[in-house]
Structure formats: C-alpha cells, structure tokens
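The structure under discussion appears below in the form of structure tokens.
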Amino acid sequence: MSGKAGLIEYADASPEVRAIFDDIMKTRQTDWINNFWKALAQDPVALRRTWESIKQIMAPGALDPLTKEMIYVAVSVTNQCGYCIASHTAAARKRGMTDAMFHELISVVGMANETNRLAAGYHVEIDEQFR
Amino acid sequence: MSGKAGLIEYADASPEVRAIFDDIMKTRQTDWINNFWKALAQDPVALRRTWESIKQIMAPGALDPLTKEMIYVAVSVTNQCGYCIASHTAAARKRGMTDAMFHELISVVGMANETNRLAAGYHVEIDEQFR
Amino acid sequence: MSGKAGLIEYADASPEVRAIFDDIMKTRQTDWINNFWKALAQDPVALRRTWESIKQIMAPGALDPLTKEMIYVAVSVTNQCGYCIASHTAAARKRGMTDAMFHELISVVGMANETNRLAAGYHVEIDEQFR
Amino acid sequence: MSGKAGLIEYADASPEVRAIFDDIMKTRQTDWINNFWKALAQDPVALRRTWESIKQIMAPGALDPLTKEMIYVAVSVTNQCGYCIASHTAAARKRGMTDAMFHELISVVGMANETNRLAAGYHVEIDEQFR
Amino acid sequence: MSGKAGLIEYADASPEVRAIFDDIMKTRQTDWINNFWKALAQDPVALRRTWESIKQIMAPGALDPLTKEMIYVAVSVTNQCGYCIASHTAAARKRGMTDAMFHELISVVGMANETNRLAAGYHVEIDEQFR
Amino acid sequence: MSGKAGLIEYADASPEVRAIFDDIMKTRQTDWINNFWKALAQDPVALRRTWESIKQIMAPGALDPLTKEMIYVAVSVTNQCGYCIASHTAAARKRGMTDAMFHELISVVGMANETNRLAAGYHVEIDEQFR
C-alpha cells in the first residue's frame, strides 16, 4: 500500500461524500475540490465533522474571513506544514491578501517565533498586569 | 545563580538601556515596562535590536496593529509560550480585541493546529493549483 | 558534499555495522534495511545505541507492539516528520493496523493538537483533582 | 482583565451550557466538570462543537478508549501542554492505564521525539517501500 | 493520585537505582541528584537506558562538553521545556558559560526560530549547492 | 500565482536589494546568493532587517561562528525545517564542522528532544538549585 494519500475523486465518491464535496464547492464558490478533502474522504465521518467545524469557524463573525485565513497561515508556518501553508496562503490571496499584507504577515510570524524563544530562554515571569 | 531572569529595573539601568525603555513607553503610550524587556536588558545589544525590529514590524502598515497582535497570539498559542500568550493577549485587548474576537481567534488557532496534523497524517500532496 | 544522507549499504558496511543490520532484519523478520538505519550507519556508535534503545522500547511489554507503533505515528504526525510518519505508518500496518484504526488514530491526533491550543489560549489552570 | 481563564461554574451557566455540562458528566460518568470545559464555556458555540467532536472521536470504535487516551497523552507530551498532560494522564489511568503502561508510553514518546530529529538531521529520504 | 512526579529519593531507592544515582553523582562530580532522575527512577529500565545514553552522548568527543550543553539549551528553548532550560542552563554555566556566551546563545536560538519560519512562509526551495 | 517563492535574481534586483546582496556576498566571502535571500528580497525592508540582525548575531563574539552555526542547525532540526537544516549544515561544514562533530551534534539534538518529553511526561518540577 502506498504511503501517499489515497485520494477519493468526485466521480468515485459515495453519495454521502459527494454531498459534502458539493457543499464545500458551493460554500467556497469554486468548482473543484482540493486534495485535503479528497484524502479525508477516506473517512467520511471525519470528513463531515472537519468540514462542519471549518465551515462554522471560518464563516464571517467578529473576525472577517481574510483575517481568519491569515491566522491560519500563521499557525501553519509556525508548524512547518507545507500543504497547509500553500493552501491557506492561496485562500488568503483569494480573499484579498496583497503582497504587502503577506510580507507583513510573515514578518510578524517570524518575529513572534523569535521572541517566544527569548521569553523562554530568559525564564521571563508573567507580569502582574497580564494575569 | 537564579534560573529566573535577572530583571533590570529602570532605576538601575544604564543610560543606553533607559533610552530604549523610554522609547518603548513612549511608542506604546504606557508608563511601565514589562518583564520581557527588563530581562532582555541584560544584553543591551539584543534589547536594542529586538525593540527596533518589533517597533518596525508591529507599526501600522498593510495590516493594522490589532491584526498583527492577534497573529502574535496565534503563534504564541501554537508554541505554548505562556508569557507570550499573556502579554500579547493583553496587547490585543488594549488595541480593541473583544471577547467575541478572542473566542474566534482561539477557535481558528485550534482548528489550524488540528488540520495541520490531518494533512500530515494523510501525506496530502500539494495541489497543482496551489503551487 | 551532498546534503542528502550518505546511505551505507550492507555491501559496503563494516562488520560492526553489518552485525547491527543483521540484528535489525532478524528482529523485524524482514530482508531489507530502511534508509533511516543506512543513514545512521555513518555513525556506528549512534547506530548501535539507537537500535538497542528502539529494540528494547518497542518490544512487547505492558503495551503491545501495535499500540507502540501507533503512539510513534502520533508523535511523528504532531512533529510533521514526513519520513517518520511514512515508516511508522507502514510498521503499524504490518502489525495489524486496519484502515479504520488508522482513521481513528489520525482523528485523535488532530483533536489533541486542537485542544492543546484551546487549553493554552484560555490559560486553563490544572484542576486540583489532576495534581 | 485577568489573563487567567474566566471559569463558568455550573451554578452560573446558561441553560445551553448546563445541558452540555450535563452531557459531559453523564458520558464520562463523573459528577464534576474540569476546568477546560468551564473555560471553554465562555464561548458556548465552541464548547458545543468541541464537546461533540471529542465525544465522537473518543468513543469506542476500531480503537478502544484507553488506547485513544494514551495517544492523547503522546501528543500532549510532544507539545509540552501541561494541562493536557495532566488531564489525559488522569483519564488514561481511570480507563486502566497501569504504572507499567504509563512508563512504556513515555519511553515510546521520548524515543519517537528523538528519532524524528535524527531522521531530519540526516535528511533521510523516504524508502520506495514506504511510499 | 498526584499528577506530579513521584520522586524516588536516594534513601528509598532500590540497590539497582542507587547504583545509577551513584554513577550520576560520580560522573558529574556532584553530591546530589536532580528531580529528573528521581522521577525517571520510577522506571528503572528507562533510568538506566537514559543515563547510559546521556553519559555517552555528553562525554567529551569531537565537541567539548560546554558546546554540547549549549546545544541542549538551544533545543530546550525551542521546545519551550521549562525544566530542561533551567537544568541545562545551570549545567552550561557550571561548565564555563559566561553571561556574554549565554546572551549570544539565546540570540542565535531566537534568530534561528525566526528564519525557520521565514523560509517556510516563503516556501524557499533548497539550493542545488546545499543538496 | 505560484505558491513557490518568487526569487529575485541579482540581475533583476533594485539597487537597494543589490547593495544588500553585495554585502551578504562580501561578508560571507562567496560569489552567490542562496534562495533564502532571493525570496526575502520580495520584501526589501524585511531583507535589510533580517540580514542586519543575522550579520550582527552570527559575527564572532563570546561564541565562535562555528558554534553559532551548530546551534542554528540544532534549532532547525528540532523544528523540522528542511531548508534551514540544509543551508546551515552547509555553513557549519564550511566553517570547519567535521563528520565526527556533525554526528555528535545530531546525537545531542536527538537526546535533548527525547529528554524534553521525559521531563514533560513525568511533570518534573524544577529543583531549587536550578531556580
């Protein structure tokens, strides 16, 4: 068996999986499904749960969808997840992230990863004002 | 010697360190210095470099300061850095983050950390469209 | 010099390394050596120490070998280590992990990575009952 | 505002939150709620989504509940999440994890974190057999 | 049951554990045992294996012991492991790390954590010269 | 748009970027620029800030440049950053890291990542002597 994800294409999907794929495409206003969902379709229960959660979390709310996508990129870069960086950077660009915004996003992520370690290396205790 | 950070208080600081402390307070419009900077003041060269970088990176630009602070929180939560979560959550609240925004921020961070691992666990390959 | 691991093949290995390769194949009841060990063979002392440790730790004990392999996958997915995910997923399948078990494993790993960050983001203090 | 989680106690909870707390206690056959859920109750939508996901994922399936809890511990230890280590170690013990099982679990987690870095440090390429 | 490590004191230790404690104190030329080893003593097999590995790895070789301790600190800071930062910073100071060396160490660790994310965020491909 | 970094070649660079590229080559005594800098050149402000910081941090000081490069490798391996491992391993070799030194470096990094998790898994409290 291959270590690579077995991707479930729309044509081969069960009606249950197709219904979720349809909802993904409709919600995102696209006509294709990216590999993440095709891989997850191997486990239809996880596919449904993950999609319902993402759909709820990424919907506009107190934060706008672009801000949410940039937060997603920040986490993915910190975790060094190549797939997630690529897909959420594309999603953020689709929602209006300019080159200038992308550059500032990556600068903040880099700086935060640096100062996280400075705080740890110097055993900095939390100030009373922040408790 | 103590493992805890030796904190350099303003009263005990060299003129060089005091000048940086003054600039931090002026830039942030506060009248106190948090422990991170007092600890870093042990190494005045690093204090200056770090402050100049943060000052430049966190200034308003293509992204507004609140968005930048929320990205900082997202990275710090992902890295489980207690000090950084506390200080940047406070900074984001000061810049206008409401409870509702904070809740959505944490939800996105949690979800991104989950799907980062689903992508890795299923060895998902990057779609041509994202390359 | 190449950044890629210089792999030491059995035919080119010293008697000391060959003895360890033989023990790996015998213990695992296979007739080939995977790249991890061929790379580590550049440092025969580390090869011996690592193999002896893994052999001891992964042997049946209070936990069965399949459970141990799934724990190995859980760590490797959390760390985003592509090689380790591939090799230990294969090892777990060889020991009996079914598709259904694999899907549940990845779901638990994803969820744990999510709630780890929710706990951090909300600064949750440890309950007395857990201390 | 305090950086520590504002914990919502049962007595102060809305009917919606109480219904989830009741389901947690019933499902887990306990008469108390741990701080994680009390903190998450600040965001009832996230509380419901997270509980429904955990309830589904941690239910007996192809993997038994004890194995799932040990996988949870493995991830939490890898991420250095103090709260999560404490709560899921307690949960695993409640489900039957003995001292011997706990010791082997931690040994596997430690070893996996070590070899993940050996594989990265030596740039080991994935064997054809694992693809 | 307490979530905190049950520490095995020398007075209560088995002869097997005492022999390892004696070797730790002799090798390190100290007259006390730090909590890490007292906790690990709950699992004498892991105690022996871990001590033998550390003793071998941290001995003088192509790298001197101080350099090795500083590398240990670098990893521990990156992983945000409070105990490990404290114990290995102390060990490095005992071996001669000055304040100036400590400051430079932390600066390099911070910078490396930053550029690791810049490389990931910009999807930088490995140069031919580095392969 | 491609997810891969848009690399700014010297021939296409602005005078501002060229000046930084020239300084990188002069400082490092090489006649080529690696992809990290070509990618970062998309954001000239970040390019300048990052280069000035690295130049300052990696210069000889209380720690020699080779030790600093090995610390850089230690962090990069811990974070599983493929690009960074490749580029800083090459830089360390250029500064004199032998095979034996490299092997010991990777062994320490692996061991530190292991014991970081043993300390977390056993909830080891920091000894008074290390505070």
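Going in written order, the chains are labelled A, B, C, D, E and F, and every chain counts its residues from 1.
One rule holds in what follows: a contact is a pair of C-beta atoms (placed from the backbone, for glycine too) under 8 Å apart; a residue touches a chain by one contact, two chains touch by 3 or more.
On a predicted model such as this, the values are computed, not experimentally measured, just so you know.
Undergrad: Which other chains touch chain A while also touching chain D?
TA: Both-contact set = B, C, E, F.
Undergrad: Show which chains lie in contact with chain A and also with chain B.
TA: Common contact partners of chain A and chain B, which must touch each of the two, are C, D, E, F.
Undergrad: Among all chains, whose Cα centre is located farthest from the one for chain A?
TA: So the farthest one, by centre of C-alpha atoms, is E.
Undergrad: Determine, using the mean of C-alpha atoms as each chain's centre, which chain is farthest from chain C.
TA: Ranked by distance of C-alpha centres from chain C, the top chain is B.
Undergrad: Name the chain pair with more contacting C-beta pairs, choosing from B-E and B-C.
TA: Of the two interfaces, B-E and B-C, more C-beta pairs touch across B-C.
Undergrad: Averaging over Cα atoms per chain, report the distance between chain D and chain E in Å.
TA: Chain centres of chain D and chain E, defined by C-alpha means, are spaced 27 Å apart.
Undergrad: Taking each chain's centre as the mean of its CA atoms, how far is chain D from chain F in angstrom?
TA: 34
Undergrad: Taking each chain's centre as the mean position of its Cα atoms, how many Å separate chain C from chain E?
TA: Chain centroid spacing, chain C to chain E, equals 21 Å.
Undergrad: Which residue numbers or ranges of chain F touch two or more of the other chains?
TA: 3-4, 42, 45-46, 50, 53, 57, 78-82, 85-86, 89-90, 103, 105-107, 109-111, 113-116, 118, 120, 122-123, 126, 130-131
Undergrad: Considering the complex alone, what residue numbers of chain C touch chain D?
TA: Residues of chain C touching chain D: 3-5, 32, 34-36, 39-40, 42, 46, 50, 53-54, 57-58, 61-63, 67-68, 70-72, 74-76, 78-79, 81-84, 86-90, 98, 100-101, 103-105, 107-109, 111-116, 118-120, 122-127, 129-131.
Undergrad: Where on chain C is chain F touching in the complex?
TA: 1, 3, 42-43, 45-46, 50, 79-81
Undergrad: Which positions of chain B touch chain C when the two form their complex?
TA: 73, 77-78, 80, 82, 85-86, 105-106, 109-111, 113-118, 120-123
Undergrad: Going by the contact rule at the top, pick out the chain E residues touching chain C in the complex.
TA: 2-4, 45, 49, 53, 56, 126, 130-131
Undergrad: List the residues on chain E that touch chain B in their complex, please.
TA: Within the complex, chain E touches chain B at residues 80, 85-86, 89-90, 93, 99, 103, 106-107, 110.
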